[in-house]
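Got a structure for you, questions after.
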Amino acid sequence: MVQAINNAFDIKLAEDKTVVMFGEDVGVEGGVFRVTEGLQKKYGVQRVFDTPIAESAIVGTGLGMAMSGLRPVVELQFDGFTYPAFNQIISNVSRMHNRTRGRFKAPMVIRFPYGGAINAIEHHSESPEALYAHIPGIKVVVPSTPYDAKGLMISAIETDDPVIFMEPKRIYRAIKQEVPEEKFSIPIGKAKVLKEGTDVTVIAFGALIRECQKAIVMAEEAGISVELIDLRTIYPIDRETIVNSIKKTGRVVIVAEASESFSVGSELMAIANEEAFLSLEAPPKRVMGFDTIVPLAQGEPYYMVFPDRIFYEIEKTAKY
Amino acid sequence: MIFNDFNPLEDKTFRIIDNEGKVIDKARMPELDQETILNAYKSMLFARTADQMAVSYQRQGRMYTYPPILGQEAIQVAAGMIIREQDWLVPAFREMALMLAKGVSLKEIFLYYLGNEEGSNFAKANHVLPICVPIGSQYLHATGIGYSVKYQQKDEVVFPFIGDGGTSEGDFSEALNFAAVWEAPVVFTIQNNQYAISVPVKSQTRSINLAVKAVGFGMPGIKVDGNDFFAMYVAYKEALEHARAGKGPVLIEAYTYRKGAHTTSDDPSKYRTREEEKSWEKTDPLARLKKYMDSQGIVLENEEELIQSYKEEVDKQFLEAENFRPYDLEDVFNYMYVEMPDDLKRQKANYEQYLSWKEKRK
Amino acid sequence: MVQAINNAFDIKLAEDKTVVMFGEDVGVEGGVFRVTEGLQKKYGVQRVFDTPIAESAIVGTGLGMAMSGLRPVVELQFDGFTYPAFNQIISNVSRMHNRTRGRFKAPMVIRFPYGGAINAIEHHSESPEALYAHIPGIKVVVPSTPYDAKGLMISAIETDDPVIFMEPKRIYRAIKQEVPEEKFSIPIGKAKVLKEGTDVTVIAFGALIRECQKAIVMAEEAGISVELIDLRTIYPIDRETIVNSIKKTGRVVIVAEASESFSVGSELMAIANEEAFLSLEAPPKRVMGFDTIVPLAQGEPYYMVFPDRIFYEIEKTAKY
Amino acid sequence: MIFNDFNPLEDKTFRIIDNEGKVIDKARMPELDQETILNAYKSMLFARTADQMAVSYQRQGRMYTYPPILGQEAIQVAAGMIIREQDWLVPAFREMALMLAKGVSLKEIFLYYLGNEEGSNFAKANHVLPICVPIGSQYLHATGIGYSVKYQQKDEVVFPFIGDGGTSEGDFSEALNFAAVWEAPVVFTIQNNQYAISVPVKSQTRSINLAVKAVGFGMPGIKVDGNDFFAMYVAYKEALEHARAGKGPVLIEAYTYRKGAHTTSDDPSKYRTREEEKSWEKTDPLARLKKYMDSQGIVLENEEELIQSYKEEVDKQFLEAENFRPYDLEDVFNYMYVEMPDDLKRQKANYEQYLSWKEKRK
């Protein structure tokens, strides 16, 4: 996935001089995960560069650039370090277009690696998608494969709205997939049915798609037919795809890594109720993180959502 | 370069005329013809008229709130004469006179305080950001624009504004730091009007002045008498040249006094004395410039009539704002995204259903 | 309510020397809403004081104080100005106890006026409760009456966990109510059934309780018996009270002012499903703000939730 | 007062011994007896031994990550000698030697990097905060503690640490500002080790040095040779006195070099040259102190054996950390709140049900 995102950047930097890219260690170093590797060499220090350590400034100056003719793609080094920029995102980036009735646009991408299960120290394992999805005026995108990452990143850079782009760090290098070299894009705001099925709908995104796929193998062995939906975009959420599937299966299991309360899981359950109440044959179920801080490495095995636990909940829901 | 001559570390203040309008720094007095000076005074007078009327509209219950600029006119009119069409104005929320100079209409400003976002949709102003309420955050936008115009090799300079209180926000420091590192063409202004709502500047910081904060970021800083039109004019002129010459950002502390209330819902008598207010009276920027004009025989003819015509103009604009087309449901939804997402369409449609139910019930 | 909260402060400042109170304009001015009026005079500038304008610092230094023997009660001037402190709240305040396995506690109250319908300018009308409720390690409290405000504030100051205390600014002075002068407290984490009923459960909190009460009058006139629950605490949420009511009525309408997606409304719908699925006779319904910025004064009448609209949804739910 | 004598505006650096261990500022050389100096050296040696072993544990795959302090020992050992039991240490994340001095055990430090929160539950250290990963945020906690101890009239001083990169965060500036306004007893240290991961300090700021940032907040600042044990010792000694005397905060820039990698997952050869690394070799704090000791006839006997005994001690502590009781489900839930709320009890119970299902399936 690192490669695919890097390739998306390469394409956009090459074809559009207004694209610039910056953040902590993204230039010389090429990013702590090497996502921007080689780009400064190729496109120069004016277009791909390191900044001082100040996330509010990275996002705030990015907004200024976006309002004056550029398309900044800014990196925040980790999920846990996006919060110093929270004020700029919620108070400025997300509103500029609305506040000025469209006179100014804010075409910028705010990207960061997110999620746990990499044995990291504190503040390096967070899944803040619900916080960002609750903010009107931004789009929140999470890819689950290298192919999707490239196509969605190209769309994100080309969208005239600001986009939060969350990269599932634990599968940065885990999935090998052939990704076409040429430019292509995947629309923001559309979910994807990864697998059709009839008994239970499983909805997930990002790194947990893989875990779900493993759980689904177990479920199918147990005779349960599962439909798997990859959200791809958290907001604007693709109600149609979600609801069609739930109407078909009548049962839904939502899988994500963040704390479950006030989360994307909650919202999906709300949608299931609003749009498919009469089709529901079992209570929608979320399989998510606890309402705790993500523990350090030794505690992660409890907190993280593994295939076992997903299967356990799929089975319970199917049998309900 | 005045930036070298007035070291904020020694707490020097750049000043050209004294409170009596007498030129005390002849060498630095700008060469301005009589008409230009007269026009500057008129702009200050217009701003003051509009400002006072805004306060009274609010008192009449015709406007929700308003932050007066009373006493800060010289800074803004001087800046307005230097800032070019292509330059960027990044206001805080107390820059009415400067926004006018940049082509924002009074009608738009009023519309904003009448509670309509169209008041930030400036029809004729080029490169003017909307006011920014979250204190300090605008400084970062300015630095970003500074990077942007430099990258695009445009001859544009960025002029962000902030208050004395705003210098305490982390964003203030981050913006100065980034601008310095990027050598961005940004002229930062602090309108030090001595108060942040009720909090005096001495409770805001222990630095000897605010200009000195530039030192920590390796950029020039200068403290200027903000009620001295000529000093402000020269400061902005040199700052613009500095930035255009590719020498990076500068910081200007415009030392002034907020003669009015913080906003129309504030009562300064709770936190400052009449004596203090009076002691600042003699520094009033209009009075000082007027005294200078008097001494030079620059005559403002028919001042009463002029003010009367200003009042009529202001009132005309206010009425236009008051009679702006009614706010529509569309206006809530239309601008959240460049294209309205399905979720918003659904919410809007649901609301319309409710409205038609309500209609029927009547 | 201003009076009642001021009174709670007065009591705590008098009886506990470790209580200190600060923020922008809280000292000399007594707060822009006069909630801390007179307290600096009475308790001195060491205990009630003005700070420079820096919300991250207000919360961050507050945490330092809380870790070293004090009980700071800090004010953030408005809902929209809490975000510069977001990083301190989510990364530091909420975690210190867990990170140090209880070695340090963070007994502090972060209070701010929230909500709209006061014809304010931008950033003065927000309802960010979902953002804070999603953060593990803090408690989120919202009173709906002067009495509750006093009792909950006393609890908040006495709790050893950090508390976000949201004050419904539009009813700061709207409700006249006799509040006992002496000290009393109301437990955090417990909802209150304000009115019993059998057909529909309405769940709300803060300023919207009043709007719900008006809607309920309309509903009862239309022959619908409504049970009204005031959440009082958003997190930890009182599942028991909520669920008992939903089990009884089978129908639930959730009323709040924030944008509906990924909100407290979503969570309540999730809870209804998890705990009362078989009792549900109609889809749980949320009556909330749109997924837009709160509009300026002229647009607020569309955005804000008024009794009419609440009644409309109660009726639809009752008839479902 | 050294704070008056070494003006950061003139980019002066306070230094007592040169790279050859020769005393170049006799007047300011502290009076320390031989044993004290010997012990200081031993502490540095122990820290270096532990640091290098930590890196190798990580390389062996026995620890998840670790940020080496190699090259920064003098600062921390000197500070550790001044900071009293009742004083507060507010670390960033590269203060291992100083944490040891304050009573944190190596076992605890290792336990943290072995992925267990118990590693922040220091059993014997008084007034030591856990390491703080969100850069800059800890500076505010220190200022708050400063207010707190002053308010409570306690004889306690607060010692927060940050890196050169951290000075760019808004929290850094806000913390200095509040501390100055409150005249809080806080001794701020910047360990300027020239890099923030891959970013050199010259890309971090344009200020002539980092000590000068104090000026913008009206507090004393000083740049000290961080690899000169004696200079650091004197700087901390005077800073402590300054703070205890109620004179408010000070800022110390400890000018040093991160000889190792940023953390064990970093490769410095991507962003700096061997030449640069070599040029700093001659400033090594241990080597310098050793040369001084040699010149004074202060002899460290049986150095090899000593290091061997240190290694054994370190290994013993590491094994204790490795053999710490297994992490339990309780450990995830127990400390979120002072009392566990029902929601967490429910989630825990549900998880236990799942675990028993899993058990049965086996």
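All chains are identified by letter, namely A, B, C and D, in their written order; residue positions are counted from 1 within each chain.
One rule holds for everything that comes next: a contact is a pair of C-beta atoms (placed from the backbone, for glycine too) under 8 Å apart; a residue touches a chain by one contact, two chains touch by 3 or more.
The model shown is predicted, which means the values in this text are computed figures rather than measured ones.
> Work out which chains are contact partners of both chain A and chain C.
Under the touch definition, chain A and chain C have B, D as mutual neighbours.
> Please indicate which chain is farthest from chain B, where distance is taken between mean Cα coordinates of the chains.
D
> With chain centres defined as C-alpha means, what is the inter-centre distance between chain A and chain B in Å?
Between these chains, centre-to-centre, one finds 40 Å.
> Could you work out how far the Cα centre of chain A sits from that of chain D, in whole Å?
36
> For chain B and chain D, let me know how many angstrom lie between their CA-based centres, rounded off.
Taking the average C-alpha coordinate of chain B and of chain D, the gap between them is 44 Å.
> Two-or-more-chain contact residues of chain B, please, as numbers and ranges.
117, 134, 168-171, 174, 177, 181, 203-205, 336, 343-344
> At which residue positions does chain A touch at least two other chains?
52, 54, 56-57, 80, 83-84, 87, 91, 98-99, 122-123, 136-137, 235, 237, 261, 290-293 - these are the residues of chain A that touch more than one other chain.
> Graph of touching chains, which shape: line, ring, star, complete, other?
complete
> Quick one: which bits of chain D touch chain A in the complex? Just the residue numbers, please.
These residues of chain D touch chain A: 64-65, 112-117, 133-136, 165-166, 168-171, 196-199, 203-205, 270-271, 326-327, 329, 331-333, 336, 343-344, 347-348, 351, 354, 357-358.
> Which chain A residues qualify as touching chain B in the complex?
These residues of chain A touch chain B: 20, 46, 51-52, 54, 56-57, 59-70, 72, 87-88, 91-92, 97-105, 136-137, 139, 159-161, 189, 235-237, 239-240.
> Can you list the chain B residues touching chain A in their complex?
Where chain B meets chain A, its residues are 88, 117-118, 120-122, 129-130, 132, 134, 137, 139-149, 151-152, 170-171, 174-175, 177-178, 181, 334-338, 341-344, 346.
> If we count contacts the way the header does, which residues on chain D are in touch with chain B in the complex?
Residues in contact with chain B: 9, 168-174, 177, 180-181, 203-208, 212-219.
> Please give the residue numbers of chain A that touch chain C in the complex, ascending.
Those in contact with chain C are residues 56, 80, 83-84, 86-87, 90-91, 94-95, 98-99, 122-123, 130-131, 133-134, 136-137, 235, 237, 258-259, 261-267, 269-270, 272-274, 277, 280, 282-286, 290-293.
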